[in-house]
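In this document, chain identifiers A, B, C and D correspond to the written order of the chains, with residue numbering beginning at 1 in each.
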């Protein structure tokens, strides 16, 4: 039990902080605090430029192995980077699907040619990826997906529809789950395809959300093609590849998210101090309770990382999604109560956009496994209750 | 829409109030506030005497038809009686299973001989009944009951075990659900038997609860017998009889219960005023919220009664049990918070026994259909959701 | 003792429901940058006469009670009907009828019965100063419902209420959380009004309670609609090979919603009756209704989004319109915590025993 | 950065669990009218030496940290082990070690390491008055944990803390909600003590925080036990033809319990480390731990009764012992709302930015 950082780790923290301080300037300065979840459609081009700046600085692929071109950073270093990144209010990453999902999957399951072709542009921030998993009839039940790819000579020909695809509008590539097997059903006969977005058979229709933003899109595949060698992992055996990707321990990433949450809570506290809500005993009680749960969120994440170092997946790791999603939604609700009668009126300015927080957080308990599904998983996997 | 009582109804209220004031005196005075749920094992003999006093006054069988020997009171009159009864803090009724359950069932399904034999002693308070439904493996799932009765000449011979039987220790009779059919399973082949308790084949073992009281008992039937003409309704066709009894609109009774709840809330308010908790904004907020929900509980019950007058069973009637059980549990939890550090220490005296309230109310969300079962029923029956 | 809608009230409800189904829905208004559909409004006034419900017969109205108004508003809340109905009847009519002189009622209520819109501006910092035989109004009123379009404005000041023509005031729509019910800021820049514009009544709290009750009625309708929409969706949406409505967690969430809806409805109906007959517990009944209906609507709308999954989060779906209206309405005319605090004071601070 | 038990701490935990399984359970104590099993206590002291964990090596103890003590108390809380362990180590040892002089520590901590029991009386109205070269103690101390049996009493007065022999005081058990942890009222009727009995330290709050942390550790163990018992029961109890643990509502309730248990455990472990190393956020960490662990235990125990159905409501079952201990422990050493209020003050009232 030792909750302190080593001298080397503190040096690394200083390096990150210094680099961010020196580079998050000029045109990039106005990106501070922008582009996170709920705001992903803001300054997209500029954030791609920032991704490339990160790449030049060697800060992309932090968790990737050195063979893959990454930095091979330890989990603690990843935590430090993400915490400093959030504290500096650096923008939401345009390359997160490539760095966090596609890259690790290609590194684990891809051919040498795929590695050579796809990894470097992710690290450089020159190719943006989106994820083609969810479908209209395959939400919580991913295995109900219906998109189909049929072999035609040297190509796969793809027909179907994906939904909730973030950054689809600006991505060069999509990581598509499609049925390729003859008698394919549920988990069988699915393959993972790498598909170019800029081709005639692909149509992207942005989805406007209740926040008014359009961060996601529907992606229609209507005879889109991709070469046969753009399958990751075995043909018809893509389910395991996809699950590996989903299960790929987000590791340090939740700690970066928590630093974002801290920024949000701090902003809310400032509003409460300014408008007098900080004198309301009920508001005080709830702010304190949220602060406590935020602290604990970080602690549980650190426990998970320490167990990860030992090669264990402890049961407390399985509560992460449910815990933060519920916390964030509670923060959004409290934000409105802090505003009081002013909750009915939208305010100007992004920094204090409590309404965006309030609305966006309704999605947190839905995407990436609803709270209901998360509880089922906890009961069945962490507690061994019968299915 | 008219929420006021008529002049006749107000006269009736005066009659009830006067009678209770004149009779709840002498030996009966100390029964005030005693013998309710959570305290049913208090002063049992005295409460049976009180039952007989009520019978002499013509206050038993208020809801029964005049042919059955009852008063044929309107629903509003029943409400008035129960509210006044609770306001006067008259004791928990020792005869409530006979009056509320066995009597109406015999009146609806019994033979003329059964009516002649069983109804009058209930009204007179000279025969106390208990209910033999629940079994160790048939809780929320009543149809899993296993008690069996086999025909032997002019008798049924009964073997099995019942549980959570209130007042079993002092009852002369038990209303037993037992399997009588050859291939009996689930809802088929069940009969309703009227069984004497004072016979060698019946053994009563009190169950001590977490409150320390023993209001309930296990009842073991080991070759107990009852004559063949002591079956209510058709042999092997008792499920419908039992369900009719359970569904038998408790009608006005929830309104009497709410008057009890009002007494409890008022006592808690007094404690909060005395110990200063009434100055705590969080406590104030919760007391007000409970007051509001208590008011609404009464209003929804009155809506149900008005619909009942029209012969409808409206969907709002189906929320009654869930609503009051949850309310009561919340009251118990708030009672402890009002006590603050003193929650750890038991206090003397029944009137302010907030701890008993706190502990007992944990059972409210379990018996007569757990909250979970209630929600299933609401979803499936009131909202038509698929089973 | 009869706690149920009368046959006449049921007919009114059914007629309202049928009529409202023909009107343009809330999305139309949201896409029209918050402008009400003038045709719909003229049909509400002309065909249905709903603005006349609360206006006494002496002044050209129907002289019905809050119960009838609540029945109609429950239906309007259910369909999120975009129109100045709520502001006109719950704020304008109530303020003038409660605070106005006979002459003022005769003038303004008749105008409303004839189709004029009205609202109440009681939040902000408007002050009235004597100026000869008239008054000068200065300052800002905020969060005024339909304040940018109302033809008749009742404005509350340090010297009581004044009624002024809407177009005499500088006014601007402010972006609101609820895109189906515009809010506005009004600026009074030394506006001179005659002494006849001043309403003699002082009981603003009664106006706010009455309006809060009617908002609560709307909220019950909204809460019921999201429940209905959600239950319908869970019966057809399939996951893991069966309708999600067969999952216990979904059923329990819907059951909780029903409890909230029916409880709030009981509270609203009773409060309407209590105010109409002047029952002694009318104030506490209204506070109960507004607190419970606001909470019910918000929680139901939140559950509805959750149970719809991603689709409930999209702009095209009705869920978010309910959700936003629910949260905005919670903030108007007293948040639930404010009403609970008032009830707590009645329970705890007085000497008299509450019942 | 390593946030996990060390191998030594894991060994300590496993040994404690194995040992505690041999001791008489809480029902035995409840049936013995609240008397601790003397044999069990002598084994705890003699075989396990747990009273020595927090005592510095100079004074005959092991000189371990709160983390080790927390590991043991988590196990004791899990089994509801009846013994004066908590009062002796969390209150007695902590009070003397924090407030006492070297001479007082030498005397009393050595006695405790040798098997004496001890507790702290800091609630009530005990006053100390100068009386020549000594002091006169008067008044009443309430809710003193194990106050009727502790051999060494630390009593807090207006003039600081005094250490007195337990049998010098009039004392009486009071009926408590938690039948497995006796509370007592102590009466001081002008008890004369020497000036040497006065402890020089003044930081009662630190003693209470330290004790609160250790109570929180016990609560995590209790919460986990009710979770385990409940999950086991739902796997075997059948209704409607299948184990109730396969119903989604039951699964969700158990999942909620797991979230509470593991979150509280994270909070307790961190607070133990923070107090042991003197981290600047130690106070807030302890308040977080006590608030979350109290809430977690209470909510888990409540859910456990619910999920057990009727059987969980019976005297013979373990559920109600946990439930009562959970609620009683919530009331001791600061209710959750008290700790939240202190955290809120740190967040909202100071000028310094919290992190």
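Throughout what follows, contacts are C-beta pairs under 8 Å (C-beta built on N, C-alpha and C of every residue); 3 or more make two chains touch, one makes a residue touch a chain.
The shown structure was predicted, so the numbers you read here are calculated from the model rather than taken from an experiment.
K.L.:
Please name the chain that ends up farthest from chain A once chain centres are defined by their CA atoms averaged.
P.N.:
So the farthest one, by centre of C-alpha atoms, is B.
K.L.:
So using the touch definition from the top, which pair is joined by more C-beta contacts, A-C or B-C?
P.N.:
The greater number of contacts lies at B-C.
K.L.:
Indicate the whole-number Å distance between the mean C-alpha point of chain B and the mean C-alpha point of chain D.
P.N.:
41
K.L.:
Taking the mean of the C-alpha atoms as each chain's centre, how many Å separate chain C from chain D?
P.N.:
So the centroids are 53 Å from each other.
K.L.:
Could you list which residues of chain B touch at least two other chains?
P.N.:
Chain B, residues with two or more chain partners: 281-282, 285, 372, 375.
K.L.:
Can you pull out the residues of chain D that are in contact with at least two other chains?
P.N.:
In chain D, 247-250, 252, 337 touch at least two other chains.
K.L.:
Which of the residues in chain A come into contact with chain D in the complex?
P.N.:
Answer in residue numbers: 1-6, 9, 76, 79, 262, 266, 269, 272-273, 278, 281, 284-285, 287-289, 291-293, 295-296, 299-300, 302-303, 305-307, 309-310, 315-316, 319, 322-323, 372, 374-376, 378-380, 382-387.
K.L.:
With touch defined as at the start, can you tell me which chain C residues reach chain A in the complex?
P.N.:
My answer: residues 123, 142-143, 174-178, 183, 238-240, 247, 249-250, 302, 305-306, 309-310, 312-317, 319-320, 323-324, 327-332, 335, 337.
K.L.:
Can you name the residues of chain A that touch chain B in the complex?
P.N.:
For this pair, the touching residues of chain A are 280-282, 285.
K.L.:
Using the touch rule from the top, collect the residues of chain D that touch chain A in their complex.
P.N.:
1-6, 9, 67, 227, 231, 234-235, 242-243, 245-246, 248, 250-252, 254-256, 258-259, 262-267, 269-270, 273-274, 277, 279, 284-285, 287-288, 291-292, 337, 340-341, 343-344, 347-348, 353-355
K.L.:
Applying the document's contact rule, which stretches of chain A touch chain C when the two form their complex?
P.N.:
Per the stated touch rule, the residues are 134, 137, 139-141, 144, 163-164, 207-210, 212, 282, 336-337, 339-346, 355, 358-359, 362-363, 365-367, 370-372, 375.
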